[in-house]
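Look at the two complexes coming up: chain A is in both, with chain B in one and chain C in the other.
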Partner chain A sequence: MTGAALELGSAAVPGSRPKSRLQGRILDLAAIIGVFALVVGFWYLAAIYYNLGSLRLHYDDLGQLGYWNHLGFWRQAGAALNWSTPTLPAPHQVLANLWSRLDESPSASGNLWVDLGTTGSEAVLGFLLGSAVGIALAFAFVKSRILELSLFPYVVMSQTVPIVALVPALVVALGLGLRAKVLIAAYLAFYPVTVSAVKGLRSINPLAHELMRSYAAGAWQTYLKLRLPAALPFIFTGLKIGITASVIGAIIAELPVGSEFGFGRAIIDASTYGQNILLWATIAGCGLLGLALYLAVVGTEKLVVRNRPGEV
Partner chain B sequence: MRYGTKGQGLLALSDVSLDIAEGEFLSLLGPSGCGKSTLLRLIGDLLQPTGGEIRLRGKAAARARLDRDYGMVFQSPVLYDWRTVAKNVQLPLEIMRVPRVERRERTRRLLRLVGLQEFENRFPWELSGGMQQRVAIARALSFQPGILLMDEPFGALDEMTRDRLNLELLNVWSETGTTIVFVTHSIPEAVFLSDRIAVMSPRPGRVDAVVPVDLPRPRDASTREDPDFFDLIKLIRSHLKENL
Partner chain C sequence: MAAHTSAEATGDGITPDLAGGEGVLVTDRLVLDSRKPAADPLRLAGRLLPPLVVFILVLVLWQYAVPAAGIQSFQLPTPSEIWSTFVSVHSVVLNYGWFTFWNEALRGYLIGSAAGFLIAVLAWRFSLVARGVMPYAVISNSIPIVAMAPVAVVLFGFDWQSKAVICAVMCVFPMVVNTYRGLRAVDPLSRELLESYGAGEWTAFWKLRLPAALPYVFNGLKINTTLAMIGAIIGEFFGSPPEGLGLFISNQAGINNYSETWAGVLVACVIGIVFYGVVLLVERRLTSWHVSYRAGV
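Moving on, here comes the complex of A and B:
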């Protein structure tokens, strides 16, 4: 009976299994690697599945279905993962494509660095412009009720217009240069920044305002010492959404035929010529670019928004 | 005094007349809704009266606020999360453009006064509620205001902490010589701290009696055992009952 009582006791203590910091780190790392392995494994399985189907049709067209069926499963799977015109390319093919595009002559379209630089700079410039506009709008809305009532409907409407419809119109107006692309990236980025900054600027304890009033603080001082720092965590939430939106904006803006460089142009090329490896490699490149820029925003946040409760 | 939106102003306080002496400790005591916090905000020019006038050393309340004569302490400490304890105390000094060296010097002195000198580099959320309120008091005193307005500053604390902070507040008060107007709904707290207690009642808010507290100073824990202490509590309780 004593044994049972002891068991009950230890089960009732929450978090009764102490974990060392190192153990925690190792578990985290294992989880990250595990999920990565699952994603890659699933990708390989999917690639085998889809490519086996199309390879069978391919050999049937050649009249060599008998030869194909004669191969064992493993050789069939091997062929499926190394086909030069796959339905779904395997991870190592995508990686090899990205790798080879690093060495491409920089003047030719297709060089990965050039594409990264082109799309990346459009996205970053658009993000900076969009964020500045977004924060400025938020300040204006918080300052003036009339401005908010009269302008906010357009802000919302701007985001419901399909961007794909807007891009050709803007490109016609502004040309194929950098300007149209930066504007479109900014157009997608400003909205989440506006919404979160408005929320942040309004999230302030009314007593903190009374305190500033009792110090006879000026409007500018109140913004600088109270409103802005209090709103920063909210603003960064908007910036994190805005940076990914601006990457999408930049890529979509490159889609109209005639762009010379950038991931958008690579996507058009790949789908025009049915180059699935190039297409998937470009998709992966877009994802990696977005992740890198997102991490840059997170890094900035760590520098700027320090020492808040819950971040010990 | 009425306040509220034009036309439908709520009569929050009527016929309140109080003189507060320089260096005095005056408490506003009464049940919730009696307008004691409103009165405090009117004194501090955080609200404007619809009639009557408030003068501080001959100045109108609005002028006195602009001259930084008021130090405010609220029920919640309202410290800025992103500033260290020392930086919170310095906030009013930054706004008032006090030179950096003097800011540091005053902050150090005040943190010593409230017993938090070892916590100057901590963040507010690392401190207990009582410690946070001590920081708020140090911050309110940092620019040496003529009058300290305290709105139930210890109302959210447990009784043991409250008793200790009462003692510390008396200590701070005697060291700085500031005039204090102290809002509370705790009778023993008001009696323990005050020179005089304005007993208020609601609907509309008014001052029913001003009770002088002639307990000897300096007061300490033994004051709370004094028969006179209990007599005063009884007296004030009877005032409150009369007017409910």
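Moving on, here comes the complex of A and C:
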């Protein structure tokens, strides 16, 4: 129930009883590095597997298949990992591309900071709007059965609308600017917040509810002192999903033509022109943005949920 | 976060064991009180009527108020236009919808959710797995995996498999995080009870942890229905066989056939709702004991 119990981080894994804190930390670190090494190793193997085939075709086209076969496996693998137009780029190529795009002049559309700022601001504004709407809806649903019965099916339905297909239509109605993207981000973000908040507002201790009733607490007092604190962990679960959803919304809102900057635009460009290194670097950029915003929500959760009085 | 855990009650100054014991008794009574007669036609009508009223209201407003407000039909076609288009293209659109759902969304959903569940159980059982995987599972939840759709098409081809892969990848991590959290959200009192019965770890898993985790598992499963549909449709944006519903929708939008677009959207909506509804039905059957489904709270 406490904030600490909701931690999903590596710090508190139950069932394991390391002899000391230090030993636990070392185990954490070893496990994290181990999984990381496994993933990177697998990625390199996959990169060799995918690129060897297309490099072979490439040399065949050039009529230099004999030269290629003469190289031997290790030099072929080396070539596969450093090819400029790979099917699956190697991790170091993606990192190098990201690094170089940090330096480009701010006006260039390939600049990472510009993409981060564009997509990031769309996502944050959409998240704020979406979670406000989501929490308001949840309160309304818990307060009024008839509202929930009549509207909740449509909350669910709203998410199944493939918003990306509607974006051209939305652009006609809302214009090319920030507004359409923020609305789409908000549209994707509100749903997890609503679902979690409804569940949270309902997940109260029946004993505590009876206690409030026996104190003749009003509806608002019950909400503020019982339902909201009980719902906060659920709401933050929703918010953490919602922030990612709003990043997704901002990216897919940029996919149709008409966006000047942003990760969605970069993804379309890279995938249209088959620039796979740029594609992966852009995806990594999306990941970094999602991670940064997610950590911001986690930080807020720690502040808000820890400071609750009367909780352990 | 099962609402009757003792930790909540300790805040009120009640000793944990007493509060937990009473909580169990009280909740049992609540469940018995709220047990309703099965298949009461009046109740059913009461449940179906409100959404139906809203539905008709929205349709009427859409049909008559939207054109009156000066919104052109290329911006937003009226329901009657969409319906007549749907009737004329229904066999095509329904076939496309079934193709996208059956091959891409459903397979990806099942594979991804099952993988996520297994990873969560492994993480719960082996702390080394939890130490290594959970930080990444949490991080992955914050990453817009749908951005990888074009990569899946590059690596796994234009056919439905690449979209199923994207759906599966999108479904893994919500499932891992929700299930893992659920497996840990166990009333300490119940665990002690099972321990005092001499129940082993796996007995406790089947009799206590899994049921206690179900609300969380279904939270993940419900979120995943949406994610799978989004993944399939956006994946098709980057390359798809011609039977893809997402491809149909984006192509029709691209050539300004907005009522065809909306007919496709209609099918996608219906599939998404039925998908979610089936999962919801299963959840209600399996977790009817959970406090959020009880009346009077």
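Everything that follows uses one rule, which is that the second predicted complex is superposed on the first by the 281 of 312 C-alpha atoms of A that agree within 3 Å, B and C clash if a C-alpha of one lies under 4 Å from a C-alpha of the other, contacts with A are read in each partner's own complex, and residues count from 1 in each chain.
The rule is short, and it goes like this: contacts are C-beta pairs under 8 Å (C-beta built on N, C-alpha and C of every residue); 3 or more make two chains touch, one makes a residue touch a chain.
If you're wondering where the values come from, they're calculated on a predicted model, not measured in any experiment.
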Contacts of A:43 with chain B and chain C, given as first, second, both or neither: neither
Partner chain(s) touched by A:208 [first = chain B, second = chain C, both, neither]: both
First, second, both or neither for A:59, with chain B first and chain C second: neither
First, second, both or neither for A:255, with chain B first and chain C second: second
Which superposed partner A:68 touches (first chain B, second chain C, both, neither): neither
Dominant toucher of chain A (residue count), chain B or chain C: C
Contacts of A:280 with chain B and chain C, given as first, second, both or neither: second
Doubly contacted chain A residues - partners chain C and chain B: 205, 207-208, 210-211, 230
Residue numbers on chain C that touch chain A, as the complex places them: 1, 3-5, 7-12, 19, 22-23, 26-27, 30, 46-47, 50-51, 53-54, 71, 74-76, 124-125, 127-139, 141-144, 146-148, 150-151, 153-155, 174, 177, 180-181, 184, 215, 219, 222-223, 226, 229-230, 233-234, 237-238, 246, 249-250, 253-254, 258, 261, 264-265, 268-269, 271-273, 275-276, 291-292, 294, 297
Chain B-facing residues of chain A, complex: 205, 207-208, 210-217, 221, 225-226, 229-230, 232, 305-309
Touching residues (chain side chain B, partner chain A) in the complex: 41, 44, 46, 65-68, 70-72, 74, 76, 78, 80-82, 84, 91-92, 94-96, 123, 125, 143
Of chain A, residues touching chain C in the complex: 1-2, 5-6, 8-10, 13-16, 27-28, 31-32, 34-35, 50, 87-88, 146, 149-151, 153-154, 156-157, 159-162, 164-169, 172-173, 191-192, 195-196, 199, 202-211, 230, 233-234, 240-241, 243-244, 247-248, 251-252, 255, 263, 267, 270-271, 276, 279-280, 282-283, 286-287, 290-291, 293-295, 310-312
